[in-house]
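I have placed the structure first, in the form of structure tokens, so that the comments after it can refer back to it.
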Amino acid sequence: MDLMPFINIVLLLVLAPLLFGVINRVKAFFAGRRGQPLLQLYSDLYKLLRKHAVYSRTTTWVFRLGPVVGLGALLVACSLVPYGGGRALFAFEGDLVLFLYLLGLVRFSMVLAALDTGSSFEGMGASREVHFAVLAEPTLFLALAVLMRLTGQTSLSGIYSRFSVEVWVQAAPVLVLVAGAVLIVFLCENARIPVDDPNTHLELTMIHEVMVLDHGGVDFAFIQYGAALKFWLLGALLVGFVLPLRTGVPWADTGYFLVAMMMLAVVIGVIESVMARLRMLKVPHMLVVGMSLSVLALIFQLR
Amino acid sequence: MNAWLEPIMVAIVLMNLILVASGRLSACIRIVAFQGIAVGLLFMVADVYPPTTDRLLFIFASMILKGFVFPWLLFQAIREANVRREVEPFVSYPVSVAICIMTLVISIWLGGRLPMPRPVLSPLVVPVALSTIFCGFFVIVSRPKALTQVLGYLVIENGIYIFGTALLLEQSVLVELAILLDIFVAVFVMGIMIFHISREFDHIDTQRLSELKD
Amino acid sequence: MSVFWGNSMTLALALALVPFITGLLAFILRQARIRRALLLLTALAHLGLTIAAWIVRPVPSAGGWLAIDDVGIVFLTVTSLLFCAAAFYAVRYLKHEESLVKNRLDEGFLFRNGPEAVFTGCLLLFLASMTLVIVSRHFGVLWVAIEATTLVSAPLIYFHRYPNSLEATWKYLLICSVGIALALLGNLFLAVSATNASSTLFLTELIRQAETLNGPWLKAAFVLLFVGYGTKMGLAPFHTWLPDAHSEAPSVVSALLSGALLNCAFLGILRVYQVCLGAGLGDFCRELFILFGLLSMLLSAVFILGQTDYKRMLAYSSVEHMGILAFGVGLGGGAVFGAMLHMINHSLTKAGLFFVAGNILAVYRTKTISGVQGILKVLRVSGVLWLAGFLALTGTPPFGVFLSKFIILKTALEQGRYLLAALFLGVLAVIFIGLAKIFIPMAQGDPPENLGDGPRKESSFAVLPSLIFLAIVLLLGIYIAPPLSDALAQAASMLGGI
């Protein structure tokens, strides 16, 4: 029995909140501030977990179920994604469809919970979230389809285990297009800056944050932790083929993967520091660009 | 050398997409300039024969003209014209991008059906050329400003040049230089006309040039 | 001497170079009088060289860049004659326009003219580029020349600097440039079709190897060149620039555009048609010619019927006649001879009418049909010419246009294509009615009161060109000189006729 997948998942569960700390430190560095401690999110989660959630009288069980279903689905998704070239805990043909639908389920439960509050703010946030997802989900699907086609594999573990520098030499243009598309989806799905500002304080401009305004205590901790997991999962998909260094030694691969994830966090921090949030109207344009990149990649790959 | 072929062609297609997706006139001018240079590079990479001196001369002339002289002329025109710097298309940007991709798909289909009577550089060249031509036409019909119409015309020319490269047509350099000169004069005259239009009407929106009709 | 001129290339080169050099010279020359003299001299020199070409009849050498063949000499003569008349007309016109600021002719705006040096220079370069179109034996050169005609004629159309002419110029420039870009693609296709041979674009070479050309690519090339040059020629539905440009340009330029430029674009199509004939694609091409020819005639008929602007009316009539040319070539057989003859007739008639229209515009100061009445009372000679031009244009016997239209119709009937013949005749009848409703009320009736009483004096420069042209058209209807009919027959036989 290979222990690596378990170790990888444990590492993921432990280290996921750290990435947000890294991003915040990078942004603070660019802004000339000292910034939050690296482990800020851990303290936040600890604090939230000790608190009771407060429920509005207008909400129903849908509201309470949302965060639990969301976190559960994300945890299942964690077991499907390979980290650092190795196998995932579960790998079977077409598991990427399950993976994408699990992410869809997370969104679905969150949106339902937001709508259940009956607040106009949260409804607005939910509508935006779904609007952008309509464009982001097919983009990711197409991008993964290109990778599938490129490697001839139908499972996530299979696809990522085939990646190496040679594949890049062969199909650089297509991979650049896919990487661009996945990066845009990554920014959108994680509500990072050109799409959404995680630090915003004005409800009218929020997308992700406005959906979870009514959650508190343990529920909110689940949501925060879930966001960190999602960041890690999609990041793993991105760095898995953008930086495909494989040594063959499991420990070295995992170590290398962790370094790559930290680098991704730094890159995101830089992007957030140098860019401004797009106007809400422009966000679909950016997502359409992402989608067209993946369509182009597919066209070039299919020929 | 041919390892560079595909990246350049993908870059040309991407530039088509960026052109229809970008909203600022200056960005559009730059994209078309880059595309002109990319087409010149394609020529250089594509020359399976050892490039002769006059061939190189032609390639450099076309790159300088398309990459530097045309953008300079057009920038001059918008500065003199002092018009609004936005494209203001009839077709929204996302739809434009979608149409642009559609033209690529159609071109690949067409390119697959055209029987090639001679060896072609790469199977990708003909579709890329055709889609660039289509994209140029789309820019002309979907953008109201006189300047963007000139850009569309240049994109069509780029597409035609890619086509010429694709088939490795060896033509007399003299004729090609003459063709290049014609295109140069065309852009020059169009630039002057844009200036006149903006001075006469305070805009360069060809949609509003609708006095003459039956 | 005859050895020197006998070289086809030398003569052709001289024909193109003379106006080119004097054109460049005209840009630099300061004095208007010298410039005008230069314009006249060049026109006469060009005509002289053309006559020399008739006398020497040089044989085109294989593989040469430039030459004058039997088709070319017919087109060359028309262009040269027309330009000569236009030069005389232009000299008087430029004198008349000398004052810089004046009332806009129809709406009373103030406008300025472009610099006269640019006008004269472009006029001469226009002649040079048209000559190059006619004498070139290489499709690349042909393309360069046709695009050049667009570029040098754009400033001519924008001579009167006011918004409408600007709009017309922009449309002309853009539509024609894009159309001609398609023709460039067509040239590439043509080169590709020469698969077994080297990818040559020399006309003589292509005709020689025609049978080995790749069929599908040649077809595609023909379609692209047809659309590309057809845009320039004004075939419907690519004609949209034509009425605007013709109505907004100064009349002398309209005459050149309509009488010479459209023919040159037509020649571009005929050249590739020659190659297609050799390759056995004649039927395919002829169908296209007939389809677009009839379409142009139909469409122009529709627009002539409701026309309110007499210069636009003349422009649409040009679309119609281009349609007749295409129709004639498309029928093949004897109709090609008819089409060649019709080309000459139409050019001379239309140019003459545009000159007269210029005279009318200068006096009445309006381009609307309803604003012009009683030309016969105000401008006696122009009025008579206007009516004579109407009769000639619609093909009333004994004018030459009748003869050429009749030949085309006769061929259609001989070939048993009764439906086409009926359509042709029907459209011509409709156009006759439409034109009669416009021309006759303009000539008859009482002039508007602000024009004063009594006929005005007319400069002989203004009426002589039209008079001569209409006289030639009348003559062509009665008697065609043997050298001309030989050349026309030769040209027709090169273009799939008998």
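Letters A, B and C mark the chains as written, and numbering starts fresh at 1 in each.
Just so we're on the same page, contacts are C-beta pairs under 8 Å (C-beta built on N, C-alpha and C of every residue); 3 or more make two chains touch, one makes a residue touch a chain.
Treat the numbers as computed from the prediction; the structure is a model and nothing was measured.
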Exercise. When you take the mean of every protein CA atom shown, which chain's own CA mean is nearest to it?
Worked result: B
For this session: If we define chain centres by averaging CA atoms, which chain lands farthest from subunit C? Would you check?
Result: A
For this session: Report, in whole Å, the distance between the mean C-alpha point of subunit A and the mean C-alpha point of subunit C.
Result: 67
Exercise. Cα centroid separation between subunit B and subunit C, in whole Å?
Worked result: 31
Problem set entry | Geometric centre distance via CA averages, subunit B-subunit A, whole Å | 38
Exercise. Which subunit A residues reach two or more other chains?
Worked result: none
Seminar exercise, completed: Residues in subunit C with touches to at least two other chains are numbered none
Exercise. Which parts of subunit B, given as residue numbers and ranges, touch two or more other chains?
Worked result: none
Exercise. If you look only at subunit B, which of its residues touch subunit A in the complex?
Worked result: 6-7, 10-11, 13-14, 17, 21, 93-94, 97-98, 100-101, 104-105, 108, 123-124, 127
Exercise. Touching subunit C in the complex: which residues of subunit B?
Worked result: 114-115, 117-118, 133, 137, 140, 146, 149-150, 153, 156-157, 160, 163-164, 167, 169-172, 175-176, 178-179, 181-182, 185-186, 189-190, 193, 196-197, 200-201, 206, 209-212, 214
For this session: Sort out for me which residues of subunit A touch subunit B in the complex.
Result: 172-174, 176-177, 284-285, 288-289, 292, 295-296, 299-300, 303
Problem set entry | Complex contact set, residues of subunit C against subunit B | 138, 140-141, 143-144, 147-148, 150-151, 154-155, 158, 161-164, 166-171, 173-174, 177-178, 181, 184-185, 188, 191-193, 195, 198-199, 201, 214, 216-217, 243-244, 247-248, 303, 306-307, 312
